Amino acid sequence: MKPILTIRDLVKTFGSHTVLQGINLDVHAGDVVSLIGASGSGKTTLLRCVDLLEQFDAGEIRLDGEPMGYRVEAGRRMRLKGRELARQRSRMGMVFQSFNLFPHLTALRNVMLGLTKVRRLPVAEARSIAEHWLDRVGLAGRRDYYPSAISGGQQQRVAIARALAMEPRLLLLDEVTSALDPELVQEVLVTIRSLAETGTTMLIVTHEMRFARQVSTRTVFMDHGAIVEEGEPAVIFGQPESRRLREFLSSMSQ
Amino acid sequence: MGYALDFSAVLRGLDQLLWGLGLGLTMGLAGLAAGSVIGIIAALAHVFGPRPAQTMVRLYVGFIRNMPILVLALFAYFALPQFGIRFSNITTFAAVLAIYAGAYLTESFRAAMITVPHGVLDAARSIGLTGTGMALHVVLPIALRNALPSIGNNFISLFKDTSIAAVIAVPELTFQARKINNESFRVIEVWLAASFLYVATCALIAIALRRLEAWFPKF
Amino acid sequence: MQSFLDVLASSSGALLNGLMITIAVSAIAVATGIALGAVFGLALTYGGAVVSFPARMVVDIVRGTPVLVLILACFYMPAGIGLSPGPLTAGAFALAVFCAAHIGETLRGAFLAIPSAQTDAASALGLTFGQTLGYVLVPQAVRQIAPNLVNTAVEIVKASSLLSAIGVGELLLTTQEIIGRSFKTMEFYALAGGLYLAINLVIATGGAWLERRYRLR
C-alpha cells in the first residue's frame, strides 16, 4: 500500500544554520508516528515544513504522490503561492503547542471557519459537521464559549476538532500538551488516543515519552536535524541502539 | 483691576455655544468614520499589499502628519475652487478632517494588525485560508478590537481639532465663542466657558471610551 | 497678470521673514515648554498633594482645550486684567503652555516607568532625594522622552500656523497676504504646505541624528 506522506532528502536552512539535514520518512494510512528528540533537533521545523508553513530548501514532500509546496514546469520547480498553496495546506491538519484558536470566535465558529471559507460548505452543513467534531472531542457543551472562557485543555481539544473538521489526509500535532498545566494534559492525551484507535493518521511531536510509547505505531528519534533511529516503540524505548538516543532517554526520565 | 466677572452674556449665548459644540462633535464623528475607512484600507494595503502600495501609504501618512490642518483646510477651501471643486465650508473641513485623521488612523490600524499573534496566523494558514480570507476573517476582526484605545485617543484629538474650522467661518464652538467675545467684550468669561466645554466633553468621551473598552476587551 | 515665479521673487523677503518668525516662535515655545514641562512633570510625580493637585488641574485643563482656543484665550483675556501683551507674546505664551502641559504629562509617564527598585538602591547608597532625582531619575526619564520631543516640536510648528488667527506675521499669515495681493491661491498655499513639510522633515532628521549621536535609544 502506498504511503500517504513521503518525505525525501528534506533540507531546511535558516541563514547559515542547517536545521534539517536530509530527512527521509514515510507515513502510511493509519500510522501514528511519534517524533521525539531534544529541543532544537528540528522536529517542529519538520512538522512546519510538512504543513507548508515554512518553505524548505531541498528535497521533496509528497502527499498521496502529489508534490507539496511546488509545481514542476518544464523541468523546473516553481514554488506555489496564494490559493494553490492554501489548498495544499488544507489537506493536512495541524494542532499547535499554543492552541492558536481564533480569539474572536466561539468554539463552534472556530471549527466552522475552515468549513465555510475554505471548503465553501453551506452554513447549515458546516454547523452540523462542526458540532459532530466538537462532540467527538467531548466539548459539545462548550460550543458557544469563547476561547478565553475555557481551559487550556479544552482549547486544545477545540483546536483538534478544528483541524479534523477539514478531513485532512493526516494530522500533525506539535507538542500539543507542552503548554498545558499538568492536570489538563490527560484529557488531551485521551482524545489523541481515541483518534488513534479510530485510524486517524498522525505525526506527533511530543515530550510525553510514556504516551508516545503507548499510542504510536512507530517512533522516530531526531537529533541535530537528522533521523538517528526509527522503529517500533517497544524497541526504541526499550532497547535503544545509538548512544545519542540512550542519552536522550535517560535525560528524559529524570 | 476693575474687571468683575459677569457670565450673563455667556449664558445668553449658551445655546449658540452648545449648538457649536454639537457641530464640532458631528464633524469629529464624520471625520472619524470616513478617516477609519481610509485608515483600514491603507493599513491593509501597507501590511498585505505589494511594495508600490506600501510606498504610497507611507507617503500619504508622512505627508499629512507633517502638515498643519489649517493649511490643508485653507488649500481645500480657497484653492480647490480654482479647479471647480467647491463645497461648503463645513463639508470641506469635514473632508480635510477625514484625510488628516486617516493618516493617524492608518498607523493605529497597522500597529493593531501586526500585533495579531503569529500563532493565530499560522492556524489560519494551516486550515487553508488564503491571504484575503485570513485578512478578512481573522486579522481584521482582531485588529479592530485591539485598535480601540488608539482610535479613541484619535477621536479626542480630532474633536479638539474641529476648533480650527472656526478660521474658515464654520459656526462651531470656537467660532461662536469668538463671536460672543467680540460682541460682548466679556473676554475672560467666554474663554473660560469655551475651555470648560471642551475639557468637559473630552472627559466625557474618555469615560465613554473606557466603558467601550471594557465591553470589547483586547485579544 | 504676473506669473507665480515673479510674485515669488518679489515677495521672497516677506516669505522668508514669515518663515523665520514661524521657526523662532516654535523654538521659543519648545524651549520654554521643556523648562516649564519639567516643572510640571516633577510636580505631578513627586509633589505632595499641595503641589501636584494644582499642577494636575492646570495640565488637564490645558490638554483638554484645543490649541486654537488657548491661543485665542491668551490673546483676548489679558485685556480683562489690564494687560496688552500683543499677539506675538500672547501666541508664544499659549504655545509654550500647550507644549509644557504635554511634556509634563509625558515626563510623568517616564518617571513612573522607572522601577521603584532604582530609588531603593539609591537610598541604600545614602543618596538624598534631590541627588536621586538628579543622578538617577531625571537622566533616565529624559532618555525615555527624547524621541517624543521630536514629535512635540513638530506639533508646535504645526500649531504655530494658528497664530495667523490672531495676526502674528508668521508663515501662514504672510502667505495669505501674498495671496490677497496676487490671487495665486493654489500656488502659494501649496508652497506654504511644502515649507511646513520641509521644516518638520528637518526637525525629524535632526532628531534622528541627535539620537544616534548620543545613542539615546
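Order of writing sets the labels: A, B and C. Residues in every chain begin at 1.
Everything below uses one rule, namely that a residue touches a chain if its C-beta (ideal position, glycine included) is under 8 Å from a C-beta of that chain, and two chains touch if they have at least 3 such contacts.
No experiment lies behind these values; they were computed from the predicted model shown.
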Fill in the blank from the handout: Highest contact count belongs to the pair B-C
Problem - Identity of the most central chain, Cα criterion - result: B
Practice task
Calculate how many whole Å lie between the centre of chain B and the centre of chain C, each centre taken as the average of the chain's C-alpha atoms.
Solution key: 21
Problem - Averaged-CA centre spacing for the pair chain B and chain A, given as whole angstrom - result: 46
Practice task
Go ahead and note the Å separation of the Cα centroids belonging to chain A and chain C.
Solution key: 57
Completion exercise
The answer for chain B against chain A in the complex is residues 117, 119-120, 122-131, 133, 137-138, 141-142, 145, 219
Practice task
Using the touch rule from the top, collect the residues of chain A that touch chain B in their complex.
Solution key: 51, 53, 82-83, 86-87, 89-94, 96, 98-104, 113-114, 117-118, 159, 162-163, 166
Handout entry: Footprint of chain B on chain C - complex, ascending
Key = 60-61, 64-70, 72-73, 76-77, 79-82, 154, 157-159, 161-162, 164-165, 172, 176, 179, 185-186, 189-190, 192-193, 196-197, 200-201, 204
Handout entry: chain B residues touching chain C - in the complex, by the definition given at the top
Key = 1, 3, 63, 65-72, 74-75, 78-80, 82-83, 160-164, 166-167, 174, 177-178, 181, 187-188, 191, 194-195, 198-200, 202-203
